[in-house]
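A, B, C and D are the chain letters, set down in written order, and residue numbers restart from 1 in every chain.
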Amino acid sequence: MSDKNQLQELIAKRAAQELTGSCVVNLGIGIPTLVAKFIEDPTVYFHTENGLLGVADVEEDQIDPNLVNAGKMPVGETVGASFFNSAESFAMIRGGHVDVAILGVLQVDQTGQIANWAVPGKNIMGVGGAMDLLVGAKKVIVTTTHTSKDGKSKLLKKCTFPITSTRSVDMIITELAVFEITDNQLRLIELMPDVTIEEVREKTEADFIE
Amino acid sequence: MSDKNQLQELIAKRAAQELTGSCVVNLGIGIPTLVAKFIEDPTVYFHTENGLLGVADVEEDQIDPNLVNAGKMPVGETVGASFFNSAESFAMIRGGHVDVAILGVLQVDQTGQIANWAVPGKNIMGVGGAMDLLVGAKKVIVTTTHTSKDGKSKLLKKCTFPITSTRSVDMIITELAVFEITDNQLRLIELMPDVTIEEVREKTEADFIE
Amino acid sequence: MTKIHHDVDTALSSVKNGHTLMVGGFGLIGAPLTLIDGLTKKDVSGLTVISNNLGEPGKGLGTLLSQKKIKKAIGSYFTSNREVGDAYQRGEIELELLPQGTLSESMRAGGAGIGGYYTKTGVGTDLAKGKEEREINGQTYLFEPAIRADVALIKAWKADTLGNLIYYKTARNFNPLMATAADIVIVEVEEIVEPGELSPEEIVTPHLFVDGIFLARKRLTKEGVIDHE
Amino acid sequence: MTKIHHDVDTALSSVKNGHTLMVGGFGLIGAPLTLIDGLTKKDVSGLTVISNNLGEPGKGLGTLLSQKKIKKAIGSYFTSNREVGDAYQRGEIELELLPQGTLSESMRAGGAGIGGYYTKTGVGTDLAKGKEEREINGQTYLFEPAIRADVALIKAWKADTLGNLIYYKTARNFNPLMATAADIVIVEVEEIVEPGELSPEEIVTPHLFVDGIFLARKRLTKEGVIDHE
């Protein structure tokens, strides 16, 4: 496994710990998708906005081209799963029936606002379900590498990319630390294994409460 | 059969002649419900707003208490019928997917506006699907006795009861005559058997083109 | 944690004084008869009831009316119970009458995170009084706000133990909508089955909408409402 | 009069220059692949296409884009086809980007006689620019108008000869919504069955929404899109 994959799995595994007891969870593309493999509790139900409650892993030889998640990756269905149309699926999301959304971001700022759908100067070509999940999910958890490829902090004082919602997320999980957001303030609640507070300070542009 | 029943069947039978070829029809309570028994064309599909497309007659010994029409009368279901919830049913109506609504009225005026849900001075207690059918059905046919019990014309210059919609109906069928409404004007297009134009004139308060 | 309630008091424990309740059914068809009966025996008052009608005199929701537990009713057809008009005349109950399509659409909006919507239904009628009008593409529409409830009491045919629901014929009516539009949703069913017994393609109400499941003890038959165990 | 079309040209005969089309599918999943292929061979231009995305480069709706038949696209995720951005930069296509929930809800509104509605989705973002805001119960919502099309080209799993439809797993997606929101609805299916073979309780799209039925000649498999007769 590459270093990058290891980091991603570390983050996903930590996020999985947040899903305890009966809940309905929507996983975004990327690191969030990895969260499912660390869940053993059968009462954690995965919702995908293209129209399925009860997403399961699928074996290579069981792949059905017409059964996919929102990232268009092949998935399976659990016992007790159900299918529905896109409007019904987003009615669930907007209507507050999804307990947790786990999302990747391009940026997150110290008020908890995120940017994950557009980059200035590039054509704004896709938004998908990101904005709906932000306004609708009861709890939003961000999973992201702490820094971008060029080493810059993704946790900023203020998002410079277009925001996805005015709603603040509830938690940020990176390979370095876990932050909770309350009253539009980041609070460091946990260091990941072998990480020092100094490293987090150094790599974080956003202000946060320690 | 009583005289009243005979009149009602005469009106219903005439209304049935309007339903030719493939169409979706919603029948109101009263005379409109009788229309179905005069339809033999299997491509006339009956919709009831409580959630069924494909209403059929039911034999006494086949009655299912949970299968009823909008008048809460037991009905059957055709081969190819489908069930849906109330919002879906009214989405069909408002969205213009029902071809014909046949409705009873308390009053209809010479512009084609009808009153069929409330009487002044009495509590306004029920409206049901009447207003939705008026705005949504492509064609609205009124079936009604020409006069009320006290002998007064139900075809008025102007409705004195609260109107059901600002939309004019398309056709009025009584035991005396058939009227079409175009440009908010009533036009007599047919006398019922053994009825004279004088009798229609005498019993009709509304202005109409002969 | 199971969603299944074994007695009616437990099933109704989330209903409190002053609550807004949605109650399923088109008359008695598709109404949660056991839960309604439980309500008539529960000490609760000041309810706002959202339901197409208020039962019949002394039957179903009609009993709640007689007991003066209902402060306000929102529905489309109260005519089926003449006692509603009498209570209204005596000033005992507040009524809000909505076209049936508007009633059902407002529930759907409430469940779908829609704040309100525009419908042509009712424009220019007495039921449009006090409502905002708006022109859209040259046609006049009325603004209608979403409606939600604290608790929904609904009826389905079968539930699996997760809470997935299917309905029976025209007993479906308002039930799937109410399932989406209340903080707590309690469903009365004819049968409880294991997960997997309901086809994923035919589930009408996915389990994420359902908080409690209760096996019906009253059923609507050709001979009327009967008790059974 | 049968709704069944036996060749793709007849099935597409209602599509005219300048039309607004809805085209089902989430990418290729649930897309009417044979009808889309037919469109690429049809002499038609100036189309407005409403679909979640515009296929992939040179595939599906991507071909229509390459052929410059699309004047405007309304969708939620054009990122899947980089040629969309290039065409936009060259000023060859107009784009309207909507959140996926808003896209699907606007279709439902268009099919349900709703003029427009209020959603919280997008408030305060770049996609809210120029849109009306409204406070409802202390929360800010955006007004979104209903959308409709002249023709919808959709995909279902099975149709009966009346036009009742059921769908297959996540190939359902936008298809049942589009079935309600266009003047003419043409459905491509895997199988045509007799009335009565689909259960009345599991029919997702009742036949009153469907104008034409066409048997698929292209199918999405694990190995990609394949032709068959």
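One rule holds for everything that comes next: contacts are C-beta pairs under 8 Å (C-beta built on N, C-alpha and C of every residue); 3 or more make two chains touch, one makes a residue touch a chain.
The shown structure was predicted, so the numbers you read here are calculated from the model rather than taken from an experiment.
For B-C, the equivalent interface among the listed pairs B-D, A-C or A-D is A-D, as over half of the contact pairs agree by residue number.
Of the two chain pairs examined here, A-C and A-D, the one linked by more C-beta pairs in contact is A-D.
Subunit B and subunit D have centres, each the mean of its CA atoms, that are 36 Å apart.
Measuring from the averaged C-alpha position of subunit A to that of subunit D gives a distance of 28 Å.
Centre to centre, using the average C-alpha position, subunit A and subunit B are separated by 55 Å. Taken residue by residue, subunit A touches two or more other chains at 77, 83-84, 87, 90-91, 93-94, 135-136, whereas all remaining positions touch fewer.
With touch defined as above, residues shared between interfaces to two or more other chains in subunit D number as follows: 105, 108, 112-114, 119-121, 167-169, 200-201. Under the touch rule stated earlier, the contacting chain pairs are A-C, A-D, B-C, B-D, C-D.
Contacts from subunit C toward subunit B in the complex involve residues 26-27, 29-30, 52-53, 76-80, 84-85, 88-89, 95, 97-105, 107-108, 119-127, 167-177, 204, 220-222.
Listed in rising order, the residues of subunit C touching subunit A in the complex are 1, 108, 110-114, 160, 162, 164, 180-181, 195-196, 200-201, 203, 206-209. Touching subunit D in their complex are the following residues of subunit B: 21-22, 24, 43, 45, 47, 53-54, 77, 79-84, 87, 90-98, 135-136.
Residues of subunit D that touch subunit C in their complex: 105, 109, 112-121, 134, 136-137, 139, 141, 145-146, 166-169, 199-202.
Across the interface of their complex, subunit C is touched by residues 48-52, 63-68, 72, 77, 83-87, 89-91, 93-94, 118, 122-132, 135-136, 162-166 of subunit B.
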